[in-house]
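Chains: A, B, C and D, in written order; residue numbering restarts at 1 for each.
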Amino acid sequence: MSNSTTTATTTATRMFSSDNAAGASPEIVDAVVRAAAGQASPYGSDTVTAEVRRRLCEIFERDVDVLIVSTGTAANALSLAALTPPWGSVLCHRDSHINNDECGAPEFYTAGAKLVPLGGDDAKIDAAELRAAVRNKAGDVHSVEPSVVSVTQATETGAVYTLDELRTLGSVVKEPGLRFHMDGARFAGAVAALGATPAELTWRAGVDLLSFGATKNGTMTAEAIVVFDRSLTAELSFRAKRAGQLASKARFHAAQLDAYLTDDLWLRNATHANAMAARLQDGLKAIPEVDLLGAAEANIVFCRLPQQVIDSLLSEGYVFYHDRWEPGVVRLVASFATSPQDIDDLLDAVRRHTA
Amino acid sequence: MSNSTTTATTTATRMFSSDNAAGASPEIVDAVVRAAAGQASPYGSDTVTAEVRRRLCEIFERDVDVLIVSTGTAANALSLAALTPPWGSVLCHRDSHINNDECGAPEFYTAGAKLVPLGGDDAKIDAAELRAAVRNKAGDVHSVEPSVVSVTQATETGAVYTLDELRTLGSVVKEPGLRFHMDGARFAGAVAALGATPAELTWRAGVDLLSFGATKNGTMTAEAIVVFDRSLTAELSFRAKRAGQLASKARFHAAQLDAYLTDDLWLRNATHANAMAARLQDGLKAIPEVDLLGAAEANIVFCRLPQQVIDSLLSEGYVFYHDRWEPGVVRLVASFATSPQDIDDLLDAVRRHTA
Amino acid sequence: MSNSTTTATTTATRMFSSDNAAGASPEIVDAVVRAAAGQASPYGSDTVTAEVRRRLCEIFERDVDVLIVSTGTAANALSLAALTPPWGSVLCHRDSHINNDECGAPEFYTAGAKLVPLGGDDAKIDAAELRAAVRNKAGDVHSVEPSVVSVTQATETGAVYTLDELRTLGSVVKEPGLRFHMDGARFAGAVAALGATPAELTWRAGVDLLSFGATKNGTMTAEAIVVFDRSLTAELSFRAKRAGQLASKARFHAAQLDAYLTDDLWLRNATHANAMAARLQDGLKAIPEVDLLGAAEANIVFCRLPQQVIDSLLSEGYVFYHDRWEPGVVRLVASFATSPQDIDDLLDAVRRHTA
Amino acid sequence: MSNSTTTATTTATRMFSSDNAAGASPEIVDAVVRAAAGQASPYGSDTVTAEVRRRLCEIFERDVDVLIVSTGTAANALSLAALTPPWGSVLCHRDSHINNDECGAPEFYTAGAKLVPLGGDDAKIDAAELRAAVRNKAGDVHSVEPSVVSVTQATETGAVYTLDELRTLGSVVKEPGLRFHMDGARFAGAVAALGATPAELTWRAGVDLLSFGATKNGTMTAEAIVVFDRSLTAELSFRAKRAGQLASKARFHAAQLDAYLTDDLWLRNATHANAMAARLQDGLKAIPEVDLLGAAEANIVFCRLPQQVIDSLLSEGYVFYHDRWEPGVVRLVASFATSPQDIDDLLDAVRRHTA
């Protein structure tokens, strides 16, 4: 038996299943290597953690607090726990990650709040439906109390809420006094796509807490909660510790985020991923057998492929989701690490199999 | 404003406050760097995660399952949640980390089980007290039900349960049908100190789940639950996801553990840390003004220092706990990264200030 | 200020809003009066509690265990907590009481399980929808695990699952290993309507736990969980105590149920309530301005009334729900205490206002 | 098989195990009988529930809100849940009911807060110990946060906090901003013993929420939370519903409390119970073989009896606790229903067996 360590990764880059198949940006790797030498104060009292906060204040153009956690699920669930009582409801899109893909983490962290699923195109919450939901049975002890609205930016289908849409939702949320959470698992992609500022897209539209995604866009294991309503910071800190989310060697998470925020790496990575999705979309558009479904606004492309193309791609080692929606519908996700060559190879393969 | 990333660490290595002030072993850093290139399957379906499991099976001489998590608090709290119902009690030492230092994480993860603190020297549970506690009000619906016993190996004071002690406790736990958890935050140090095998010190003594500590001993942000009772694996997997402990780029945690377990790095690191504590202890023994308190069995030394020595060390930049017990009592912790020179410098400083 | 005690009740019996507006059956009042004299063992160790269990064993033609609780919400939530892990899902009708009217009690008692709402006519779960739901993402840690199905008998709209329907659902539930709960808030009404035996309608169709409703049908403050899967009894007992549902003077609840089960009072009351609803339905049918909506199978009548009739009835002191569905839709509920005269008075009033 | 209902109670009144062995006061029985006739609004919107609140405002000389629940465990656990966050600690006496006898109900309702047991004579919290505990690790995220102090009045051993003692504790609680809960399971007995007003003994000493015990002192199944900090009322209402503590036919609980509070029945009952305990104590004092342990301040007498006396009393059908403390120590509890003859019979029996 060999005692050498194992390599997890493949040299081929044929995974278009999710941006989490990618590795980490070189700048982030370097920062982690540097953090490994010497000693540092534990539990987030180190200087890099402070620097991450400083950078986020700058990016969001105001004082914010920051909690660094290890997963997006933790970022979302902790945020929601601080924004709803156990007898509250979380209004979210029926296709949202918190509703479908977190194994009830929001219910666990909130001590049993109820997720109320709403509709809307492209996984965006419909404003009219929300307007009814925020007042539904409010104050009635027989029902859970509408407490927080959670939007995903960019959405689970890769669509992006426009600034106007966010402002509208924000006012629907705030008028009756609810709280506003944004799951920003792909927040960088949305900022890159919209051209609006991070401030405009969040707290200026009423967002109280933002799950600031980083892992899908270049870090290894670090995510952040950006706290706009700083009255929540102490509560979040206790909840994070209690949830096993306060790392003892916190500098290793902080170093990732520090590099991620330096020299706009987060935006450069997202801009690149969006461009790769656009390149893919443009290529697919030119193939008559392919139906594009919606327009890729960030780094996700949905299309319909003939079944034999799907089968052929899979047999060549391509990895992507294809059995979750209607037959023939395929989701392809680009990432910061996707190269133009990766896209062109995929387009070639599709062309070959449709020929 | 500079845009260069910040360095968290100090060049001086004067932190003896905890082993979590150290960085990471070079082998582990290398493994993380390698994991950053290319693509890998997410959520633990990668090849390195499988390799970690294979290595732990080998080390523990039997089939085990493994859950990789990001903190020791999560490892402990998840384990306890799988071993007690919400109406159960967790019998533990009153000085244990789970009782004092995790902000109620066990209560959170277990949905409200009760920690029942027991006494015993050196933070080791007294067997006679345990014998009474495991049957206390068992079956009485007015009381919480004795359900799981948790021991820390090595203990919070750096003491080590002997193999005989563990076997005794194990039989006290198992005879009335309770479950047995080991918080192995410093498990490597205990193995290194005792010479017994990992198997003897755990499942052969009745342990059902082990929090296999790694961060204090050389990794960055990775810990593992070693599952001896594999009927618990599915439950633990759901609980881990729900707790935000299933990393999307899980290979980055797995790579740390893979390197940690390769070529006995985990034992070499612990043996070194223990040797550094012994070197410190031997040096302090020769200084008349210093009272050693107990014998360092792993990597922690307790002693009593004159107040002016404490003050002088602090003013030189040394960092250690000194105000938590009686006046003058000091805790000094060595780690895998502590050098003989670091120890000798500290001893020189103590000598200087007592002169 | 008068020191005499206050009377809660009205002499007019114009509340058709719910069967919980009624008082208690005279036999039950007598039993409570008798229970008030002398001493009894507390916490359910009294002889009447044992007698209630004996009567339920007889009624259900097998050994059952019984937990007596103070509300239907507690009966439902406790039952569900024993049938699903926190990471499980509860499949139920979207109009069910547990989903809409218990302020998240199931989520609280289960430590955060997720209610998954299903469709179906007359608030009955559609078997085809259920068939898909019981296997949806089973075993996938990213999703909650389908764990328990809860049906309401009679349903929230007063419809009754036939024996065949229950058997079909039962086999859909049990084939993949899920658990089966019945919210029997109006179970007596269903038994009275169907003519099938209590055994056939519950455990013979696969039901594991039954919330055996009593308060709506003649008791004051007592409900029961009938435990067919007796391996759950110990867990339920601890959960009940912990939930504040173990009454110290438990005999006062038990006495209500004992009288309720004696000489078929529970069935006689339900038969009467159903007959009163039928009388009301027959009367309304003859009034051209009234549209009956569905057929009353138990004690609930839905109909559409002209708005001026609704207004006039309300102004005469009649109480009923009318603003929860489409405009003009009205729900009228009869109870064990409704007299033929009460029904005839109501019919007269409707006729007068439509004239 | 007979179909007649069963009688729970015994004619002999030899249960001195707890005041919950007693039945209900005749005035309370009458009120329940009256409540059973006619219709009433459900869920506490009836007129008697309003009247209970009015009476409690009068008794406590200020505006209070009231939640009526079915058990003392629910009253305590709900109150604590409103006064501590999940990451908080509940400081209480180590012998308190909430710590030992509620199967973790406080942990369940609070979503995992931690009970921190303190010492003190006669089950009263020692003020000096409390003074240290209220600041212990406050603000430290590694530890639970001191949040609420709970005292039992009268205590589990029948002792009574004096007005001065309560004022002292109240200031210790309030100075650093903690909340103050009183478990008044035997509150009436304390008021009767002390002569101080209900207001002085509660909110004027800083109490935020009072579990106002009634069942041990004459009601059947009704307890109340008296809410002095009315900003907590909405939260308590949601929590109560969600816990299954909002009765649909709430008038049946309210009627009990209404009668209990009318014409000082609650104080008359308690005064009588205390007098019976005093009569018992005086009688025992005259028997040389009996050692009285402490002075009965309310309705509980502790004494030491020769083992053969204990055995003989048990064989005659007397019921009391005797195996929970040191050998020979016996607890005897009088109630509102204990007659002078009951006491004299018991004294005769003790004399006979010691002769």
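What we mean here is this: a residue touches a chain if its C-beta (ideal position, glycine included) is under 8 Å from a C-beta of that chain, and two chains touch if they have at least 3 such contacts.
Fair warning: this is a prediction, and the values are worked out from it, not measured in the lab.
**Student:** Hey, what chains does subunit B share as contacts with subunit C?
**Tutor:** The common neighbours are A, D.
**Student:** Give the chain pair, either B-D or A-D, that is connected by more C-beta contacts.
**Tutor:** Between A-D and B-D, the larger count of C-beta pairs in contact belongs to B-D.
**Student:** Quick one: compare the interface residues of subunit A with those of subunit B and tell me same or different, with half as the dividing line.
**Tutor:** same
**Student:** Pick from B-C, A-B or A-C: which interface has over half of its contact pairs in common with C-D?
**Tutor:** Same contacts by residue number as C-D, out of B-C, A-B or A-C: A-B.
**Student:** Among the chains, which is located farthest from subunit C on the basis of C-alpha centroids?
**Tutor:** B
**Student:** Could you state the distance in Å from the CA-based centre of subunit B to that of subunit D?
**Tutor:** So the centroids are 43 Å from each other.
**Student:** Calculate how many whole Å lie between the centre of subunit A and the centre of subunit B, each centre taken as the average of the chain's C-alpha atoms.
**Tutor:** Computed from C-alpha means, the inter-chain centre distance equals 33 Å.
**Student:** Averaging only over C-alpha atoms, locate the centres of subunit A and subunit D and give their separation in whole Å.
**Tutor:** Centre-to-centre distance between subunit A and subunit D: 51 Å.
**Student:** Do you know which subunit A residues sit against two or more other chains?
**Tutor:** In subunit A, 86-87, 102-104, 108, 111, 141-142, 238, 241-242, 246 touch at least two other chains.
**Student:** Within the complex, which stretch of subunit B touches subunit A?
**Tutor:** Going through subunit B, the ones touching subunit A are 1, 3-15, 18, 20-24, 26-29, 31-42, 46-49, 51, 69-75, 77-78, 102-105, 108-109, 215-216, 220-221, 238, 241-249, 251-255, 258-259, 262-263, 337.
**Student:** With touch defined as at the start, can you tell me which subunit D residues reach subunit B in the complex?
**Tutor:** Per the stated touch rule, the residues are 86-87, 100-104, 107-108, 110-115, 141-144.
**Student:** Under the touch definition given earlier, write down the residues of subunit C that touch subunit B in their complex.
**Tutor:** Residue list for subunit C touching subunit B: 43, 85-87, 111, 141-142, 145, 235, 237-242, 246.
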